[in-house]
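Heads up: the structure comes next, in structure tokens.
Letters A, B, C, D and E name the chains as they come in the text, with residue numbers starting at 1 for each one.
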Amino acid sequence: MDILEILRAGLQQALGPQAIVFALAAIGLNIHFGYTGLLNFGQAGFVAAGAYGLAVTVVTFEAPFIVGIVMAIVAPIVLAVILGLPTLRLRADYLAIVTIASAEVLRFVFGSVEMKDTFGGSNGLTGFAKPFQDANPYSSGLDLGVVAFGRNDLWSLTVGWILVALSCVLVWALMRSPWGRVLRSIREDEDAVRSLGKNVFAYKMQALALGGVIGGLGGLFLALKQASVVPTDYSTLMTFYAFAALLLGGAARVMGPVIGAILFWFLIAALGSFFSQSAGAGGWIPTVIMTDTQASLIRYIMLGLAIMLLMIFRPQGIFGDRREIAIDGR
Amino acid sequence: MRKRLYRVLVALIGALMVLLVGTPGAAQATETPPPDATAIQVTLQDQANKDAEGNPKPVPGVTLQVTKDGKEAGEGVTDDKGVATIVVEELGEYVVTLDEKTLPSGTVLDENTKDEATVQVRFQGPNNRAIFPIGVTAGEHSSFGKDLMQNIRAGIVFALVLGLAGLGFTLVFGTTGLSNFAHGELITFGAVMAWTFDQIFKTGGLAAVSVILAGVVAVILGGLGGYVQDKVLWGPLRRRGTGLIAMMIVSIGLSFFLRYVFQYFFSSSTKAYSQYTQQVRESHWYYLGFALASREVVIILVSAVTILAVCVWLSKSRLGKAMRAVSDNPALAASSGLRVDSVITSAWVIGGALTALSGVLYALRASEINTFMGMRILLVVLAAVTLGGLGTVWGALIGSLVIGLVYELGPMFGVPESIKEVGPLLIMIVILLVRPQGILGRKERLG
Amino acid sequence: ACGGETASDKPEKKAAAKGDGTLTVGQLLPQTGSLAFLGPPEFAGVNLAIKEINEAGGVLGKDVKAVPGDEGDSNSGIAPAEADKLIAAKSDVIIGTASSGVAQTVVDKVMSSGTVLFSGANTSTSFDEGKYSKPDLYFRTSPSDILQGAVMSNLLLEDKRTNVAILARQDAYGETLAEQVKTNLEGAGSKVATTSFYSQDATSFDAQVNEVAGSGADAVVVIGFEETKKLIPQLIAAGAGPSKLPTYFVDGNLADYTKEFGKGEVKGVKGTLPGAESSGDFKAKLKEVDPKLKDHAYSAECYDATVISALAAIAAKNDSGEAIAEKVVDVTTGGKKVKTFAEGVKALEAGEDIDYDGVSGPIELGETGSPTAASIGIYQYDDKGAYAPVKYIAGQI
Amino acid sequence: MDADMTDQTNTPTSTPTSKDSKTGPAGLVGAGTEPGSKKPDPIVVADKITRTFGGLTAVDVEHVEIQRGAITALIGPNGAGKTTFFNLLTGFDQPNSGTWTLEGKSLKGVAPYKIARRGMVRTFQLTKVLAKLTVIENMRLGATGQKGERFWAAPFKFLWGKQEDAVTEKADELLARFLLDKKREDFAGSLSGGQRKLLEMARALMVDPELVMLDEPMAGVNPALKQSLLGHVKSLREEGRTVLFVEHDMDMVRDISDWVIVMAQGKIVAEGTPASVMADQRVIDAYLGAHHDTDLSELDEETLEAEVEAEIAQEEDAK
Amino acid sequence: MTTEPATDAEKFRETHLKEAEGAVLRADGLIAGYLPGVNILNDTDLYCQPGELVGIIGPNGAGKSTLLKALFGLVKVHEGQVKLEGEDITGKRADELVTRGIGFVPQTNNVFPSLTIEENLEMGCYQSPKKFSERFDFVTGIFPALGERRKQRAGGLSGGERQMVAMGRALMMEPSVLLLDEPSAGLSPVMQDEVFVQTRKINKAGVSVVMVEQNARRCLQICDRGYVLDQGRNAYTGRGRDLADDPKVIELYLGTLGAKD
């Protein structure tokens, strides 16, 4: 058993691009769900809007890269408005289903044969990330002993973590303000907020757009780092993972989603490494019980179990406040 | 460059050797051994004009011109088998032109057949083919009315299966308020269990009723599964006072867990029952103009009867009211003397059994048993119950009917077929905009 | 062979980088997810190749090391993480992926680490276009769908199908292949009655099946993967089963259906599958590696990809990814023809230029790092649901 | 999307206009006592407001005026439609028909938050506290015109810090008055039923409303505290604000209200000064009851016992 | 006679122990709370003799509702015990207590909004459905409004109507001990009086009643014995009339508003 290897695999993902994508998606969700109480199950849609905003602008409309970046930020806002106008008056659980449906509709449309000329169908779009790769200031990768990152990864990591940090600072600054207080109040009881003369709808819309934009940054980052956008990346699984990350870390906490995302990917990779070492030739688990293929599966079984156990024993997440959970809404 | 072309030719010849050695199916081609050279083979047959054995008559004596990049590259005339083989020198794109004047009298090209064909010559030998359809009575495209009936049938069958699954979801949601994202896996559970027992029964003396028996066992196991789940997981969570959102995340964890446990033991490949896969749809007058396969009749009957029975029972029975009471306010329900835990347990047992039944029927309908089936259908189930009004039993039925029909009818009314799941989702969104609380849901009063 | 520039990382600058002496072959193939069924034959192919290479004395004096990894599918998103794992395990070559879509998500990462990504199953045409059009560090032994599309349409024309329905999976694979079949058919004079796409996650295929059944076609081409198992009974129910409407399969669904359709449901169905006739010998050897193996799709291509990598390393006298990449095209074209790894090593040691032709047929990797020619087999099902070759057609892409 | 929020500054100033009109009971001198009578200086005028739920007509108000600067009580049997009428006036529910105005401007179809900003703030009968915010945060939320509530200003504390301090100071004062200062840092969700009522009322007062509408503010409030709070409500009148409240506690109605409106089955059935309304026989019959103003312990215990026994006997006969 | 303020806790306890002999329901030295570490009840005693009507009053947040919930097993009791007819029932499940004849009307959230009025009442006698029609007639006799609207969903009811449903639901099962948390809140004066009179009647028919009220004056008028609770402790206790006339109680808890001199 190579503990170092397990650690390496875990850290590589915990610090790597995947964690960044999900951290950004989860920060956005935190604004939606954690602070405002909007049960948005369509975060993948906002992430996709960010990614496609860039790709479609640059590839399909042949606009300059910088315009693409702007569009990556504008697209989630547009989506938020289109989605929000009609749906923000729905009850939380209905909103969840409608958002999940909208995100799926978006993904289907992006992947559809009929719209292939615009969105590239299920092959997605490529060939828009060159300016980003060219801007790479590093001449070589970084080897920290335990983990190593290639030159390209190092560049995207730098950009990605800066994005995450900026988003966190913004969330922190906003949520300590009266603006943040209104959001949290809306989460508790919007009629009460209305009765005090606050335009609940506008606040919700702002929250939806802001969280969407941050999620969109995740998509932008994913597109740049991967140099391609593929519709299947933006399935409901992405939203579920982001939610899991958010709640692992603790909702309505500034650092919750970030730590959650890091932990989440650490778990996936470390579990994977542990079991692939354990099973198959040379492992301690006999192949009758677990083959290589099954070893690859068991990490998901364990991940499912880990999510359940965490929620059972620490329902408030890592940073959450037990007291807050104990208050029953009724 | 030269070198490579040479290699290719050698390779092609190598392959041709294989072709010549073992070609039981290529009887026509071997009758007149084709030249080794690369060639385009054009076949002309008059489909409208058949001989005694029903084979179309060949059209001989037609001249065909082959050009490459506008330059003449060869010419041929069909022989009495209607075949012309035109040798070309190199690989590439060729255009074959049919000289319509040389067509025998009475034979004309089909209305929308061009007299030109483009052939990509990639293959050694006469394997590069072209065709000029003559007298093809393209099978009638079915009429709109017929399509409509077909799709309504498909929609109803789908809707009813969906309704069962939705009812299972609603029962649990309606008593505990839990949006169970592992519900899809409970559907899978039913199907996988039915398949497992089908595998056991199909070889024994029970082979004749293997699937039916396996289905019954699966439903019982589904109920049992609900019971175990509640006792082991949800019950303790409730007693700790875990919030609904936390529970929802637990259910997401559970869905991963179950899905991959299934895959661990059953692998990811698609399986089918041992019986009923070969049934062809038939129409009888008592099917009201629908063409139905026997298994579909069974699905419709079983699910419709079950759904109606459960719905009626839930809205009339004491337990049904107790479930609603528990969902409204568990503490008050306990104060009224209800055993909240046992009410919830019964919801899980009934819900589990209904869901397993939906899995069994779904597998029967789509010939699909696969560890991902539940996950795939979950969103549709959620759409159905939401549309009907979350937590209302009749709503689950109505929502499922709407979603099922829109799902299958959508493509007839402009929803792109490849993304037909968009149809029901859009309908759901639209209806919720008009009725935010679902079709049968009710608004709470304020103040 | 020409080196060529890479879009992002210019590995040739570091081409001098010496490998660590051991050729490490990573495998990024599906173990979980919706393509998991494709995994076993591919793993078996790679493992068989490694076994034979090591029996023949290994590469540069050392045994080849294998590191397995899971490609998942494009929904699960674990491929990048697994690729990281393989890279960290010092893989010089990564054999994979099975799915072209997944390849898109890892190709940049793998290439920028100086590792070769060598697929035995990617058939998407997009790897011959744009930034992948140069043979940098991406190669494949599977022919692009262009060829299979042509073979399929020729097969249809040969069978005198003049009005064909296409029922295809809506993804990178299905769309391209359907497109290829359609253009070829229409170009050559036949008609395409309908092209109907279904989503891989679809919960119901009724609308598509009805569309096909009602289209009046005289044949249907089913382009898909596993879902075929669900499609066939539904086609049968709609009165368009293989016994009524001649049906054609492609590489994605040409599989053993004895378990599912052992009662003649797929009798007479024809199908195409890239790869020369795999000798019974090869199949038997695969069985030794994985006794549970049933299907063989792409096992030969993966086998060849592994052998080619090993030969390239020997030719370059260096096991680093970049060194291997420079020699890959070289060892598959021009020179003394060799059929096995052992033969190849002998010739290389004798200082000869070699041209490896493997179990998957005549391998000629072209300028884009993809095969320029390949043979494609035509198969037919018997009433037990098993398929057997009818003939093989070789062609140029 | 910020458009709607910028007009926050338009909230009425905290010193309502009461130049010409006399406040308090004095202003109502001469107002008629027939239902729907004209008031000398009405702040709210409602006409022909109806609201039905299914077959049930919950509200059917022909005409009603609320006097500015006075304390008006709205009383009536349970289910008379008082809360529904509140909901309609404040925009939380839409009437089937009817029009109503605040300061002469129509409120028909105006969103509830805009109505609140115009100075008409209400509390809820079934309390709505923001459970997971602390008590002081609940209070701060009530303040209007906060710069920090605007998105663009929110991240920069120097823009709103001062204002926040002022808001907090005011909130603390109110909390002390409502005996909630000990609970300042507790989550509002952990308050007792009565405390929630208090918080809700205090929070509404943070808005500095022109017209406060209190829906059973004192139900569940301890009598001693109630008494001290009445002083506060009266001081609102002194400040020139208008108060409209629903209450079943006749002591309170009698003590502080200048005017009483009686609703029954959705209609306004009587109006007048507290004394006159409470002497109205119809009101006594339908609302106050015969036992009203009597000490229940002085009820003839024996009659009660006899009644009980009779009933028991009757039941046994039935079996 | 009013006992001394609880400053003299021991004396209070002594009297309690002496007088609580033979009580149907008694709580001794209850320490209870919602969150770990925060006790709402600090050593509270209470008893109710068979056929007695006991009133509890006190300022907001004193712990009155918590005390009732603790008696009924809805709040975790850290120390002390609750006894029903001499048997320890601390921490028993609520439905078991219902079986044993305790009825409870909570202060808030006391109806099932999605059930009709009739169904709400039906839930009241869930354990003995046979009694339903008979009890239903009884309850609608007290609250005619409920009978007229039997098919209406409770979610749409007004505050006072809800209160009637809640009270009616508790009366459905013919309890032997009835715990009422502010039953008169939100009711019109005539209905309030009706509730008090009916409570007294029910009590006279042999049901022991413990009621929490903010309408303190009325409550003390009808009850046999009253407790004044402050910050989780018994502050005063005594006969209803005596408490109502005690100047300290008036000053601290009752106020002078509406008091007749």
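Going forward, a residue touches a chain if its C-beta (ideal position, glycine included) is under 8 Å from a C-beta of that chain, and two chains touch if they have at least 3 such contacts.
Quantities reported herein were computed from a predicted structural model and do not represent experimental measurements.
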Chain-contact steps, minimal, separating chain C from chain A: 1
Chain nearest the overall Cα centroid: A
Chain whose Cα centroid lies at the greatest distance from that of chain A: E
Top-ranked pair of chains - ranking by C-beta pairs in contact: B-C
Whole-Å gap between the CA centroids of chain B and chain C: 25
Centroid distance [mean C-alpha coordinates] between chain B and chain A, Å: 31
Centre distance in Å when chain B and chain D are each reduced to the mean of their C-alpha atoms: 59
Distance from the mean Cα position of chain E to that of chain A, given in whole angstrom: 51
Residues of chain B touching at least two other chains: 260, 263, 329, 418-419, 421, 446-447
Junction residues of chain A, two or more chains touched: 108, 111-113, 191, 297, 300, 323, 326, 328, 330
Multi-chain contact sites of chain E, meaning residues that touch two or more partners: 34-35, 109, 156
Chain B to chain E touching residues, read off their complex: 318, 321-322, 324-325, 327-329, 331-340, 442, 444-445
Partner chain A, residues of chain D touching it in the complex: 1-2, 4-5, 8, 11, 90, 92, 111-114, 116-117, 121-124, 128-133, 137-138, 140-142, 144, 146-151, 153-157, 160, 164, 187, 189-190, 203-204, 206-207
Touching residues (chain side chain C, partner chain B) in the complex: 32-34, 36-37, 147, 150-151, 154, 157-158, 160, 162-163, 170, 184, 187-191, 193, 196-199, 201-208, 210-211, 213-218, 226-227, 229-230, 232-234, 236-239, 241, 259-261, 263, 265, 276-277, 333-334, 355, 357, 361-362, 364, 366, 372-373, 375, 378, 380, 389-397
Chain D residues touching chain E - in the complex, by the definition given at the top: 53, 56, 75-80, 82-84, 125-126, 179, 183, 190-195, 198, 216, 219-227, 230, 248-252, 254-255, 286-292, 295-297, 299, 304-305, 307-308, 311-312
Chain A residues touching chain B - in the complex, by the definition given at the top: 86-87, 89-91, 93-94, 96-98, 100-102, 104-105, 108-109, 111-114, 191, 236, 240, 243-244, 247, 251, 294, 297-298, 300-301, 303-308, 311-312, 315, 325-326, 328, 330
